[in-house]
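Two complexes, one shared chain (subunit A), two partners (subunit B, subunit C).
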Partner chain A sequence: MNLIIEILISTFIIGAIYALGAAGLTIIFGVSGILNLAHGAIVVVASLVAWYCALQLNMGIYLGGLVGIAAAILTTYVLYFTVVIPLSRSRQLASEELPVFLFVSTLLFALILQGLLEWFFGATPVSTPAMIDGVVHIAGVTVPLNSLLIGVVAWAVIGALWLFISHTRMGKAMLAASMSPKGLAIVGYDIGRIHFLVWGLYGLLAGIAGVLLASFIGASSNVAINLTATSFTIVVLGGLGNVLGSLAAAYILGFLGTVTAFLISPSLREVPGLLLLIVVLYARPQGLFGRH
Partner chain B sequence: MRSFSGMSRSLATAVVVAGGVLCSALVMPTARAAEPISIGVIAPESHVLGKSIFNAAELAADEINKAGGINGRMLELHKYNNNFSAADSSRAFQRAVQQDGVVAMMGIFTSEVALAMMPWASRLQTPLLVTGAASSEIPAGVKANPERYKYVFHSYVNSAILAQESCIVANATLTQSDKFKGFNRAVIFSEDAAWTKPVDESYLKCLPKVGIKVVDHIRFSPDTTDFTPIYSRIKKADANVIMAAVAHVGVKPVIQWKQQEVPALFTGINGQAGSSKFWAATNGATEGVITGTPGLNGAPLTDKTPAFFKAYTKRFDIGEPAYDAYTTYDAMYALKDALVRSDGGGDADKLVKALEKTDFTGVLGRVAFHGTGDDYAHEVIFNQDPTKGQSFVAFQWQDGKQVIIWPEKLAKGKIRLPAFVSQSQK
Partner chain C sequence: MNRTWFDWRTGVVVLAFAATACLPWFVSGYWLGVLTISSYVAVYAMAWDLLFGYGGEVNFGPTFLIGLGAYGAGMSNTFLGWPVWVSIPVGTLAAVIGGLALVGPALRLKGPYFGLVTLVAVLLLSQVINMFAGYTGGEIGLALRDILTISSTGNFYYAFGLMTITALVLRILVRSPLGLILEASGQDTTATEALGFSVTKFKILAFVISAFFSGLAGAMTVFYFGTASPGTVVAVAVTIQIIIATIIGGRRSIIGSILGAVFLIVAGEFLRPVGQLSSTLVAVLALLVLVFAPNGFISVFGARRERKA
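Right, the complex of A and B next:
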């Protein structure tokens, strides 16, 4: 019984972080059609800057976290203005080649960013202090309060994202942009401005995920590629561009990984999710919740 | 007259040429003597234990140069960042020898990298002094094939010895102590790396001998991020001692041990915990963690240790020297002595012979290498008495400080249990 509760609690926390980490990535793909391979590096920017400000500059965990989030948004806009915009507007690229060039360019941006992070922060993992100390005992299972808080905050952010998309004019415009950008332009919306805001929203979500991650399991420059791979798996599994699909996929992946880690070996945590991804790509290439 | 004159001109020319040749012959040795001797240092630059290697080598080289170098020739350090990669290291070793002209290479923090570089030491016929990696496969390789691996020297004790010493420390501080003798149920907790295999074997043999029962044996990937399932298993096994063998990882397991309040004393070998920066890196979660290391806090193992500690901390902002700073510093002086005895190291075989005759007092104790026929071939001799070999201390993190708890004559404190560990024992 204890084991089941442990697995469920762990799944709740891991799934929440996975979901938050993948939400921005899937929104970006839904609206602009770009699969951003710099995602993990941007998440790590937030983690490391938050750690640096909180502990090295003695700004405290909350102010440090805010600076970390700001750094992720800033880095996202650097990617947007130096890679996405110039390539999207290039006349030398055929439109059918553009997604491939953007895909590769975000990967190159990630590698550059990772190198810079390693140069500045080193490769030794760092961790921000717990937002809240202590443990709570749930049905005989000891759970750090900080981990529970991280799960709750992640879900609060996802809830706020849902409210924003479904109840605000700008959110609805973003949703519409993912369905029919031309239609949206015809009714008078500035697509460029929507893209600008979507990238900002993406940076915000990646930044929050990074700050929470730094407090949960810590971060280092060399985990960027793993974070990208996990988020990429979730987004493809849930259906590219489908936010609800990504949330479901995050929990499926979180559950499979947690069960494997508890019952077989933590070293094999990633394996079942990747096997499932291969099966899904064979049987349902659009993802579990994607449309044709 | 013309012919005489012509002859005298020819003679004058010959004298000038001969004089030039003679002068250059006289000058050349002086010029050669002034040429620097190139030494390679290789480590992962971005890692705290890699930085320690570079810093210690730099400090020792500057001291040696200020004292007149090697028979008047200065040492020139060439630094190579290997990014933990065996392939990068092998390429750097080739470049170092073929382009930069290094006469010896030293450093290396990862055992897998050290093992991959050993064949290159043989192919390039260049001495390799491993100062930060602990795998017992390194001396075992030299013993198995001394002709091939004679260029390899291990300036740090191997992991089997580290494990044995950790058992001795556990015996002295736990099972022999009235207060802590209840800490006798251990889980072996090792990262999956080349250096930890001999550690696990040693733990499995020596822990029962000192009265500690091994209730579980966990090896985990160094990429592990969430230790919850592992700590859950440790709690279920009802263990109250975690005998660790970690160096690639360090921060994450310690932070999560504290956050999850795992009711077991964290002891054994924790390479990163030997760095004074570990307190900040773990936000203080390392309070109560015990580990063993060859050098610490300037613990006065010899009369040279405090001076090294002072010079290092004054010069570098990285904090106090980690274990591989001590071993690298001693290795640089071993190399310096051998270079003096081998006329600058131009002949690699002469340099190897000179290294084999190393015998001096360093910052960790006596520095001398085992012969190729010994079990730990070409490894620095280990002894709990620093006058006889490289020595070892154990410490516990207490209130942000590394407090030596063993050996007794150097101890500055006793074991203190973290609150969540002591509560669980009531």
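Right, the complex of A and C next:
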């Protein structure tokens, strides 16, 4: 019984972080059609910078977390201006080759980031200090308050994201850009500006996910590629560009991973997700919740 | 478009191959080792470019094929006690069968999905290697009973010979009607199908050929090192190396893949004193080439390139 509760609570938190991490990735794909393989590395930038500021520079977890998020946004813009824009405007590439080149170059960008992070911060996994201390008892299971707070914060950010997309002018414009960029341009929106803002939003979401991740299970430069793989699995399972699908997929994956980790072995956490992904890709390549 | 068999560029290439074949008389064993590894990576890159540059498919799982070849050969040598020259075909066969099993269903998927399935295949393979560490050696690697030869000159000629044969076969292939159809289907699938060619059939064939050379090179690589380990034949880092080599050398070009592979490995050796950041520097260099000269080194030599419409 305790085990079931423990699994459910762990699923709630890890699923929320997964969902947050994947939300930005799926939005970027929806609007710009780019599969960003530097995702995990950008998440880890936020984790490690937050840890460094909070513990090494004694800024405290809140200020450190903000600096970490800012670092993620900054890194995202570096990627955007040094890789995405020059490649999109390159006259040497046939347009159908562009996605592949973006795919490969974001992967290279991830490698560079990973190398630099390891150089600056080392490869040892680090954890940021808890935001709040104390524990609560839920049906006989002891849960740190900090873990619950992480889950709540992640859900609050997802809620805010939903409000932003469905109730603000800018958010609706972003949604429209994922449906019909030409239509949006015709009614007078500047597509370039929308892309700029979407990448900023992406950096923000990745940054928050990174800071929460560092506080929950810790992070190191080595996990970047695994984070990318997990986020990708979620995004593809949920249907590329489908935010709600990503949320559901994040929980399915979080649950499968947690059950495997608890019942079989923590080292096999990623296996059921990969198997599910293969099955889904063969049976329903548009994802579990994709439309066409 | 120049499709004649012999022009001045071909002459330069033949001379360069001949000159390289004479290197064992001039350079140290250390540099022969570097060139041996370069040759194997060049075979990986050429095999990958057959799908990417010519077939228009991004295979993120070259190390799935290489890994099957490597471990197939390694395990048949270690557990069945089969000699090197039997184990290498066994590994190659494993890669071809694995490639067929992967590509049949995967080719029904378009664009990024195909790439993702192949990437997942690699991640699964590395998980399987870890799960059955008793048979595969896990992270540490599988020690083989035999090796190709202990002579660095011999090893160089094995690798260089494989590279030369691969380059020749692929060159004949891509200039044959089969290669032209493959290239056409990579550039405009709909038009190629409208002409009556089964695009999927040609892509499966290309994948099998790619699997054959990847598996063969993978099998020979482990008999060069004497061990099969995930870090050298399965890791995503190896895939990245192959992709970088192909693109910075020049995609849709056999010589480009070779140039890229040699450059990448040799540059890595030169940057070794830099220490920890050396692979990062190589990545920066590759990214610069990719973003600002996406056609690679080979475009400098005036190879044909179509411009963006």
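FYI, the second predicted complex is superposed on the first by the 292 of 292 C-alpha atoms of A that agree within 3 Å, B and C clash if a C-alpha of one lies under 4 Å from a C-alpha of the other, contacts with A are read in each partner's own complex, and residues count from 1 in each chain.
Keep in mind that, in the parts below, a contact is a pair of C-beta atoms (placed from the backbone, for glycine too) under 8 Å apart; a residue touches a chain by one contact, two chains touch by 3 or more.
As the structure is a prediction and not an experimental result, all values here were calculated from the model.
Once both complexes are superposed on subunit A, the partners subunit B and subunit C fit side by side without clashing.
Looking at the shared chain after the overlay, A:L55 reaches subunit B, while subunit C stays out of its contact range. Note on subunit A: of its two partners subunit C and subunit B, the one contacting more of its residues is C. In the superposition on chain A, A:W119 makes contact with both subunit B and subunit C. In the superposition on chain A, A:V78 makes contact with neither subunit B nor subunit C. Of the two partner chains placed by the overlay, subunit B and subunit C both lie in contact with A:S267. In the superposed model, A:T128 lies in contact with subunit B only, and not with subunit C.
Within the superposed three-chain model, A:A94 lies in touch with subunit C and out of touch with subunit B [touch as defined at top].
Contacts of A:I278 after superposition: subunit C is touched, whereas subunit B is not reached.
Once the two complexes are overlaid on the shared chain, A:L111 sits against subunit C while remaining clear of subunit B.
In the superposition on chain A, contact is made by A:V223 with subunit B only, not with subunit C.
Our summary of the superposed model lists a minimum C-alpha distance of 6 Å between subunit B and subunit C. Counting contacts by the rule stated earlier, residues 118-119, 267 of subunit A appear in both its interface with subunit B and its interface with subunit C.
Taken together, the subunit C residues at the contact with subunit A in this complex read 52, 56, 58, 105, 108-113, 115-117, 119-121, 123-124, 127, 130-131, 187, 236, 240, 243-244, 247, 276-277, 279-280, 283-284, 286-287, 290-295, 305-309.
Against subunit B, the residues of subunit A that register as touching in their complex are 3, 6, 10, 14, 55, 118-119, 122-130, 135, 142, 144, 146-147, 217-218, 221, 223, 226, 258, 261-262, 265-267, 269.
In the complex of the two chains, the subunit A residues touching subunit C come out as 35, 82-83, 86-87, 90-97, 99-101, 103-105, 107-109, 111-112, 115-116, 118-119, 225, 229, 232-233, 236, 240, 267-268, 270-271, 274-275, 277-278, 281-282, 285. On the side of subunit B, the complex with subunit A involves touching residues 44, 46-48, 51, 84, 192, 220-221, 223-230, 232, 235, 249, 251-252, 255-256, 259-261, 272, 280-283.
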